[in-house]
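Next up: some structures, all given as structure tokens.
Both of the next two complexes hold chain A, though its partner changes from chain B to chain C.
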Partner chain A sequence: MTPLDSMPLTPGFADPVADAQSCFRALLEAMARPGRVQRLAALPEAPAPLSPAAAAALLTMADAETPVWTDAGPAAEAWLRFHAGCPLVARPGEAAFLLASGPMPPLAALAAGTEEEPHRSATLVLQVAALEEEEAWRLSGPGIENSHPLRVEGLPDSFLPDWAANATRFPRGVDLVLCAGPRLVALPRTTRIEEAG
Partner chain B sequence: MTALGYNFGYLDENTKRMIRRALLKAVAIPGHQVPFGAREMPLPYGWGTGGIAVTASVIGTGDRLKVIDQGADDTTNAVSIRRFFAKVAGVATTESTAEATIIQTRHRIPETRLREGQILVYQVPMPEPLFRLEPRVAETRRMHALADYGLMHVKLYEDIARHGHVAISYNYPVLVGGRYLMSPSPIPAFDNPKMDRMPALQLFGAGREKRIYAVPPYTSVRSLDFEDHPFQPVRADAPCALCGSRESYLDEVLTDDQGGRMFVCSDTDYCNTRQTHREAAE
Partner chain C sequence: MVPEPALPDPPLLQAMRRRWMGLLARADAATIAARLAEAPALPPHIRLRGPETGLVMTRGRQGGDGAPFNLGEMTVTRCSVRLEDGTVGHAYVAGRDARQAELAAVLDAALQDPDRRPALLAAVIEPLAAAEAARTAREAAKAAATRVEFFTMATMR
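Up next, the complex of A and B:
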């Protein structure tokens, strides 16, 4: 018996149907209105280092049809395998969903879809230190009336140039879900980011 | 109380998850058609199965659902779909545009301006705007990939050359976010301007053709036109015979076999509200 088998598995959604629905609506709202912070009402008990929002997003979107990549370690992998039933892959480029709790995987290495099928692209769920609707970035693009403020703590310095490079490939590209605790923000590939001030 | 023996919202959770993934990608790429697996529904293709699949994947117990068919809340299709969701999801339903959180529609956009927090779900018979011009799906996909929409401009030009104006009164093609050519579903061209920068989220489901697409809030939706022939929404030149509105889209109703006819609002909720206000004022 390996140590993994003896580790207790924490629960997923308490009410799987209703919780997945409410979490999906938060994700849909987040994707439709980039930069607006959504607070998830129903959260699973995810093992460390998974943040509750990131774990809920994966439970809502991933299943046996979606290869998932994660760097969150064996406890998180076992939890995802059991509750989402998703295959886990070793190479980020092969995943439909990525759950990064440590360093951000390079956007250029992820599946970006093709010109004809841009929807066959990865969604990166990235855990960050903090998310606030404060004027550090000014977001614009579809879903935003004029501009929207956002401050994210815990992103690498190279994020803004990488994000700009992601946008140049449109309609190909990677979509991003940033998670901190029970809160999340989505940045679809169409969102433009400017530094405020 | 939901019907026993069915999952909440009729669809199973795997199907909902598949549709939800398609919806998220559709919102991320405004106007792009995302394929999905359309499941068998307790009504045939052509009765709004795509819209129902989208609504079923989105709806929750806190939602209030409105369903319209050509603007009317009280036609067979609208009543059946509203009852269907009351039964399989136990949700509240309404005929009021302002009170609804989800509005499923066949071929109209309500006259009352939609707001943030509302989702408009369109039933789409044919999602491909180019299908009358290019029957090969592989070829239309290539044209979308290259944003090669010259064929549609030629069609509009030929209309103008032949008729003096663009002869499309419904399903008038639009360009979404300056990139993707999109079918707005067979709404009258009169409704096209309402799609532009709408505060509500717009989702489109085509069941038979198995495609989902979306327009996020505040996204530009431009009806194709030419500088010297700008797009013009058409409306019958008459007031509504019931509420007197000169702004709303009108249906022409034949009243006898002597050529008698009247024009009434196609949006029943809008018309009823106006009539009630008028009676209250008198």
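Up next, the complex of A and C:
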């Protein structure tokens, strides 16, 4: 009858309240300790190409008041609209949350908030190939005592210059949540990244 | 997609669906279950959402065309299910009866299937509609007995 019939909806969190709370706690922990890999315990049954952690993060953060942009296709859009009830927007610059499963949208094109209200910025949930706490990058900044190692696979080459440019806009800027499988890492706008020698 | 010829056209299906969703929402779980005992078994389903109970703000308009205002919150239980063939059924029912919401959602999904529809309509929906019509008629008759004919009173004087 409708094109959606060929891509059946799947359930969201098994226990919507408790699961969203535990996922929120993990996101909070990830933002407070940039670079530490968090493993989510409760994962929704998300349609491809959404990774479980990215889907859980969106279900936790997005609601009817947060415009969401995603490149993940109609099945993922229908799933998000049904479970999170969030409006979907076509332009990345208008979104409060973005879920990128393919190429990373340029950070400079996303909402960065204003000097008076820097919290009105976008959070980009980005699916990557792998996340490991291994010495490839050295992270520093608030929430990290000295430095923290992190290795991310599947980011474009332009990521480090883009991230450095994002930091120059402080207090404006975009926050990042990297997801791989059931694991996620947050990179708030204050985190500095150096390539380990 | 090319619509299958066996399906009623969408506006008609929409009207039918609105009718059965309304009847199921106004019935109670025990009544629906009793009707289902005489119907063919419902297909297996998975829960997409709920059944969960929450509050919904009801809004009204004075005189039907005034500015909308918030009338108050009402308790609503909702449920969405999916059958194996991918059909999704929804139910929003007043109150906190989770079983009624789930039965209504499964029935909504099953009734969308043209093959299952005639048997389910006959076994569940039409009896519910008849019971509701009888109840309405009974209440109208009771009310009619106490009706005051102002026009008649004026002429009697």
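Everything that follows uses one rule, which is that the second predicted complex is superposed on the first by the 195 of 197 C-alpha atoms of A that agree within 3 Å, B and C clash if a C-alpha of one lies under 4 Å from a C-alpha of the other, contacts with A are read in each partner's own complex, and residues count from 1 in each chain.
Methods note: a residue touches a chain if its C-beta (ideal position, glycine included) is under 8 Å from a C-beta of that chain, and two chains touch if they have at least 3 such contacts.
Everything numeric in this text was worked out from a predicted model, so none of it was measured.
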Evaluate whether chain B and chain C can sit on chain A together after superposition, giving fit or clash. fit
Contacts for A:121 in the overlay, against chain B (first) and chain C (second): which applies, first, second, both or neither? first
Comparing chain B against chain C, which has contacts with more of the residues in chain A? B
Look at A:65 in the shared chain and tell me whether it touches chain B only, chain C only, both, or neither; answer first, second, both or neither. first
Just checking: does A:83 make contact with chain B only, chain C only, both, or neither of them? Give me first, second, both or neither. second
On the A-aligned overlay, A:31 touches which partner chain: chain B = first, chain C = second, or both, or neither? first
For A:144, decide between first (touching chain B), second (touching chain C), both and neither. first
Considering only the touch criterion stated at the top, classify A:189 as touching first (chain B), second (chain C), both, or neither. first
Quick check for you: in the superposed arrangement, does A:22 touch first (chain B), second (chain C), both or neither? first
So if I take every C-alpha atom in chain B and every one in chain C after superposing, what is the smallest distance between them in Å? 9
Where on chain A do the contacts from chain B and from chain C line up? 16
Help me check something: in the complex, which residues belonging to chain C touch chain A? 1, 3, 7, 10, 46-49, 52, 80, 82, 86-88
What part of chain A is in contact with chain B in the complex they form? 16-18, 20-22, 24-25, 27-29, 31-33, 60-61, 63, 65-66, 114-119, 121, 123, 142-145, 170-171, 175, 188-190
With touch defined as at the start, can you tell me which chain A residues reach chain C in the complex? 1-3, 5-6, 8-12, 16, 82-83
What residues on chain B touch chain A, complex-wise? 7-9, 13-14, 16-18, 20-30, 32, 34, 57-61, 116, 141-142, 144-146, 177, 179-180, 197, 199, 201, 214, 216-219
